[in-house]
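Which chain is which? They are A, B, C, D, E and F, in the order written, and residues in each are numbered from 1.
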């Protein structure tokens, strides 16, 4: 009986194909659905674990904030699984500036401190702002402008997750001022004056 | 024979159900997939035709530009079909300011004049700008900041299409300055100074 | 100028339709894509915030564990947004038994203590087990059997997220023993003997 | 212990929401994702079973063939589940004429007799034809013209399945000749002459 | 401060991965989701612009019509973006014969002249026909038979867009008569007589 | 005229790109959307036909049952088409044990004999069981535990189809007992005692 059973087990495991996961081969071309899969025989439990979110990011910067991503490039196991994560650290006074994730909804869970967060709707420019305590969860729908600010006097942190391994991150100030987009184009398309644009280009490392 | 055939035809048409289309009943609650369907018996060819894009929009405004949408609210036939359109008019000097479509990729086809258009990538803040002639087509990937500017001395126009009946439109300036988002939150999250923020709030009708 | 601008703003906000979000009306029939949307005018920032995950669940039960969900039924704001969350508490010795989420991939982030977790692949019955420290993240691909166990001597907790507002939860023991599935059917389909089945039905409240 | 366990079971089953299925309420408006769901409490095992495919359809008609659908309208349990089926009967000489399924790929499994079947690709008008024996399976990719013909001297049958509860069925001859599409429009758009068009309109019950 | 900011900018742009776009490498195997992506460093603004739709197609042919596609093979920037376009030219008397797009809904915008267009539903063989003026938009749901005819005495043109980079195009006459599908199979599956089939095969270059 | 027509035909067939199908190249890395496509020029009708389901599987094993899959690994033509099939054979007394398909809904059509089949819901552990006669169809929603048992005194068979080319198959007993998952982990996560676990590991070839 045992013998027959083994054959049966073998039959099933060899003849059945499943797309349980597709750990990314980051080298090489991607496709619209993500990266090519590493051979299952070379995949181990380690490929499904990411240890980088246990340590606070370095907030010694101009925004007193840090974002530590566990997107597909850092965490190849997320490839094709439709989910990813990041850690957010906000020192007192810290701010994650206005930004969007073009390809994912964000779910933020405060793990330390207090965070004021908000997003703006596209149809009516309606503002949705809340001050969140530790343990609170907030949603930021896909593609909408949003921000997070430390709302207490001590360090705050959050775990955020996204319904895509590649949510994207477009910080409005960086998109406008941290590249070579000509000043006159920025002026024309933002209603800002040239002096303001040039100043921010200076601060954020942009040219043009 | 004819008799049998009729029965056969009847059989097929009555027993076969198809989701060819789902013209929106705009009144009543929507769902994540769109609006409820009007009964097929009340649908006519007119439901699949929209005539509003043949006329130039009114560009007598501060941006010398007009956007005439044919999204699901104006064009209920697009409901569930994964596509919609709009007309863009740019008087000389006209500008469609920096904006995103949170839920769709845009394809723009210039139908008159010259348009300078561009978008900014999320990963590297890379700028992709081109001056387009009549007949040229340009893509603006989902959720990315982009703009259009009249690039000639005469009126320009474009037909744009989206791969969603509800692409959304978030104009950055309106999102930041045309609502009650408190000035200090705008200041903290944009690096702009309070005077600039207040001035733009004044121009765009915002408060706070 | 201001006047014109207001008209422009009005034009845009009234004529542009966007599917930014669809907060669930839980009463009434759902659809394959989720629940009907509450009118946007009745939606506030509170609809996007869930405060129940800040408090530990009650682990005074047979498995010394608790799962506190923030799925669409508890957190209607997730409707249509493709994401949800839950809190997991594991007292010392606590176990979340073998289970699947039929409709979502899970991403677990340990927020306190140590957790041993694992899943089993479908094709080769391969086991992927890891002991996770605070801050570690682990993935559990959609539909695969997995478990979590407290791996330290003190309470452990985790925030888990799912790429669906309705991930589902099928605990194998409850599916097999906590209902009226006849004992002989359980015996035939699990290779367990009738005495074991009847004992577990007794413990878990099943009949038949 | 039992008491605690019951509470635990209760907790899980009441607090966890799952979208396992959504049996259609056929009355009332559908949505782009399908019909509204019947309340789970009113759903029984019968809703997931369809008994109509065990009986041969009536092939006493002009094409000596019958299609018995188990699409969402006949089999409401398929709503939202992404699959449906039909039975195909072909008397000797029977033919299912050229047709498409606009919204689904078809998988046909011959259960009796021999069937010659084929489809035509869209890019190169390439023909893929095979004669299938009982037990053979053939694929017809979404939206492509295909046909089935009895290829033996005795009755043939097949079970076909589709990856949609609403695959749609557009029989080319019925689309062209069984309605009020004006003869001159058919002539212009098909290269057929008016006499042929009028004759087929006569046979298939069309007007115009 | 500048120094710190640069580090911050660097951190974000290098550590954040985004799937903004995936310009096709047309050489090499595709996948079900499209072609492999060209490296982002080799992508320029030109990849998102297609200039071929500004020129009328050559309508000196039997149907006095021309279709100029900007699908993924002509416009690799559309890969993975869920949208594409084409230009349609109809000389007086011009016709785009009955056809389907198996993989996309079409949105047509008349840019010159008048066009009579229509589609046929799958369930009830219902005809939806309209005569469109310049600026009118019409929808053709995915997979349904449709046609376009010049409805004025002068050249007409349209820009059409699709919600797929690979909509496909199956012209019914070409599928039936422009290949080696045996005449008897065409006869059996279309109700046409052999003489008509052979004549059309002759005209359209088919054999068999 | 003929000449012009040929050019026209050529123009269309060469300039139009379609994603009708994507027959899998099984060697080489897959992607989240499936395998790479074989060149269309190397694809023939045979690639869309699978002949292995016409023969009964070998049921001389411990469960007196056999599953013969036609998933993408056996039937590469299903790649990207969203559907696949399998044959199920149940000798008298035969059982397909409790299992799930993590990535697909199953539709079963009984082609011979009688089959008792059932599934268990995730939310309420509700049991849905039916005895099916030849010709009956039953649905098993994605990811839910289900089983099939011969319900007559003679051989039974079924054709099952799935709305994915890679549905996956996770047999609960094999997942728990046919690998090296340590006995104490199985005990902790299933409520079974160690003796039962070790016995089943013995029978099913597991270790640990």
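Quick note on the criterion: a residue touches a chain if its C-beta (ideal position, glycine included) is under 8 Å from a C-beta of that chain, and two chains touch if they have at least 3 such contacts.
For clarity, every value in this text was computed on a predicted model and none was experimentally measured.
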item: C-alpha-based rotation, subunit D on subunit F, 0 to 180 degrees, nearest 5; value: 180
item: Chain of greatest Cα-centre distance to subunit A; value: D
item: Listed chain pair C-D, D-F or A-B that repeats interface B-C [over half of contact pairs the same by residue number]; value: C-D
item: Chain centre separation (subunit C, subunit E; CA means) in Å; value: 42
item: Rounded Å distance, subunit E centre to subunit F centre (Cα mean); value: 35
item: Length of the line joining the C-alpha centres of subunit B and subunit F, rounded to whole Å; value: 42
item: Distance between chain centroids, defined by C-alpha means - subunit B, subunit E (Å); value: 21
item: Multi-partner residues of subunit B (each touching 2 or more other chains); value: 13, 16-18, 20, 31-34, 102-103, 118, 122-123, 125-126, 129, 141-142, 144, 168-169, 174, 178, 203-204
item: Full enumeration of touching chain pairs; value: A-B, A-C, A-E, A-F, B-C, B-D, B-E, C-D, C-F, D-E, D-F, E-F
item: Complex contact set, residues of subunit C against subunit D; value: 29-34, 60-63, 67-69, 71-74, 102-103, 164, 166-169, 171, 174, 178, 203-205
item: Touching residues (chain side subunit D, partner subunit C) in the complex; value: 1-2, 4-9, 12-13, 15-20, 22, 25, 31-39, 79-80
item: For the subunit A and subunit C complex, residues of the former touching the latter; value: 13, 16-18, 20-21, 40, 44-46, 48-51, 53-55, 70, 75, 77-78, 81-85, 87, 105-107, 109-111, 118-119, 121-126, 128-130, 132-142, 144, 159, 161-163
item: Complex contacts: residues of subunit B adjacent to subunit A; value: 95, 97-98, 100-103, 116, 118, 120, 122-123, 125-127, 129, 141-145, 147, 149, 168-170, 172-176, 178-181, 185, 188-193, 196, 200, 203-204
